[in-house]
Amino acid sequence: MIRVLVTGGTFDKEYDELNGSLFFRNTHLPEMLRLGRCHVDVVVEKLMMIDSLDMTPADRARIVEECRVAAESQIVITHGTDTMVETARALGDVFRPGGTKTIVLTGAMVPYAFGSSDGLFNLGSAISFVQVLPAGVYIAMNGRYFSWDGVRKNRETGVFEPVS
Amino acid sequence: MIRVLVTGGTFDKEYDELNGSLFFRNTHLPEMLRLGRCHVDVVVEKLMMIDSLDMTPADRARIVEECRVAAESQIVITHGTDTMVETARALGDVFRPGGTKTIVLTGAMVPYAFGSSDGLFNLGSAISFVQVLPAGVYIAMNGRYFSWDGVRKNRETGVFEPVS
Amino acid sequence: MIRVLVTGGTFDKEYDELNGSLFFRNTHLPEMLRLGRCHVDVVVEKLMMIDSLDMTPADRARIVEECRVAAESQIVITHGTDTMVETARALGDVFRPGGTKTIVLTGAMVPYAFGSSDGLFNLGSAISFVQVLPAGVYIAMNGRYFSWDGVRKNRETGVFEPVS
Amino acid sequence: MIRVLVTGGTFDKEYDELNGSLFFRNTHLPEMLRLGRCHVDVVVEKLMMIDSLDMTPADRARIVEECRVAAESQIVITHGTDTMVETARALGDVFRPGGTKTIVLTGAMVPYAFGSSDGLFNLGSAISFVQVLPAGVYIAMNGRYFSWDGVRKNRETGVFEPVS
């Protein structure tokens, strides 16, 4: 069983056709898992629906706590890409290698609602990595996985890359 | 570096608007990797473009041979789902655990050209599994991975499941 | 009020992911009108769901009869493109200029379910032409309208063109 | 021959995946006409690429002037919906019934790049209305056409409706 914790991010942004702005309504994760014909046992829990630039220390503390109390040993977190590394650090300080939980954060550069481009790919990637990586905290983006303490988002290119 | 061997299958089927039939033209794998914002080093090689129901022993021998001569130790094969298990067996007889190559077959239930549903998800999954699974031959479908000798396609549901 | 008579055709073809064939299930017309934000008063009636190559004289007689008994003076018929001209002729023999009914046949080259390309465009076109053209029978394809007795489908290009 | 004047609007908005905002890059009109299999003779001219809320009197004067000098008697204008009625009025003051030009403004509630929903439908509609309506200035939205002086956008619903 994999637990998917939804926090919002580009993944779940939608277009408000009345005022032309982007907003959050509900999560598309269940639909994405269905379209992906995912048949892994997954439970989806919506923690919050926010832009990761708006995520507070209290929000991060809540994510850490939800991971702590989760019965599942495999956890995927969908998250905005802008501060994904920061949340990964908050988790990495708590969930150490040699522990019992594998936590994989993932996100999208393009909203699912605007034509599932990288969202479905990244979700397939995160669901897969979380099943085979040893306990610890990781980011799965761009087809790769990174340890929480060895990754940054390149803001020029939008690509996640290892910290040299 | 990951080598992606393309053999056709539902992944790459297109709709011929002049006669209303499905056919193969060219592979969508490079476009799918681009849309998925995949930044793993990948080389895509088109071996054949066929429905897997039309795959002959000679075709399978060629796939085995291409895997044998590949310089890369991580290989993803896109393949029609109908005989994917059969090709996995042909590979499994040759590439044994303890070897040097990790080979992951994947496919799609819906053509990419008809609205990327499971194709992008499965591609993200296969690209991820191949990076972390030990040497051997696997099928990655429905968010799961299976050893080549422990899987079948359920023809009623279209879902891959473990052989009990 | 516009009556939309659905007869099937490429418009409504779907992909059967279990056996890889194309088939008819239900009409997408209501969804297409909703996506198009169409706010004309429209009633959709599903007459049949068939490939127009399979349409019989009895089917055509039924279409003519449905148009005859319809209370609406504006009728759009969705139809496979292969024999659309033939059905237009059957209608044109009955509904003459100077009558009370404007009938517009339209169709699609690509199924709506495979990424609404020409379907939405043609539907918007037919819904518009039927409101402003004088009584008679027309085909609306490729952004144009044609009188029932002055059009053919070019089978090489898939484009409707005037008979010279 | 129909002239399509592009002014921007929701039609052509795109998503900037680096900063998560909406912006204009280039027009999608030629691609939309291609996907719609439109075979009417059309010339597309990009006048400006702006949100219609940013449109100035000088911009409107330019649109009027472009219509005046156009050699074509059928003109479609793609335009943001927020001030489409205002631009229609500027045109309606100049191009009167009994003149030689039929001008149809249209737009979209959802960007084409986010999954062509109403854009293709409205384009098919505008291209059709412009060919059969008498000289004058019209808005084609929601499957209907309205005279320039008898329409407003309902800001609660996003739907264009007649002024009673």
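So that you can tell them apart, the chains are marked A, B, C and D in the order they are listed, and the count of residues begins at 1 in each.
As a convention for this text, contacts are C-beta pairs under 8 Å (C-beta built on N, C-alpha and C of every residue); 3 or more make two chains touch, one makes a residue touch a chain.
Keep in mind that this is a model prediction, so the values were computed, not measured.
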Seminar exercise, completed: Hop count on the shortest chain-contact route linking chain A and chain C comes to 2
For this session: Report, in whole Å, the distance between the mean C-alpha point of chain B and the mean C-alpha point of chain C.
Result: 40
Exercise. Between chain A and chain B, what is the separation of their C-alpha centroids in Å?
Worked result: 26
For this session: Express in whole angstrom the distance between the two chain centres, defined as the mean CA positions of chain B and chain D.
Result: 45
Problem set entry | Residues within chain A bordering two or more other chains | 109, 158
Problem set entry | Chains grouped in pairs wherever the two touch, ordered by label | A-B, A-D, B-C, C-D
For this session: Quick one: which bits of chain D touch chain A in the complex? Just the residue numbers, please.
Result: 10, 13, 15, 17-18, 20, 22, 51, 109-111, 113-115, 155-156, 158
Problem set entry | Residue ranges of chain D touching chain C (in the complex, touch as defined) | 32-33, 35-40, 42, 109, 116-118, 120-129, 131-133, 140-145, 158-161
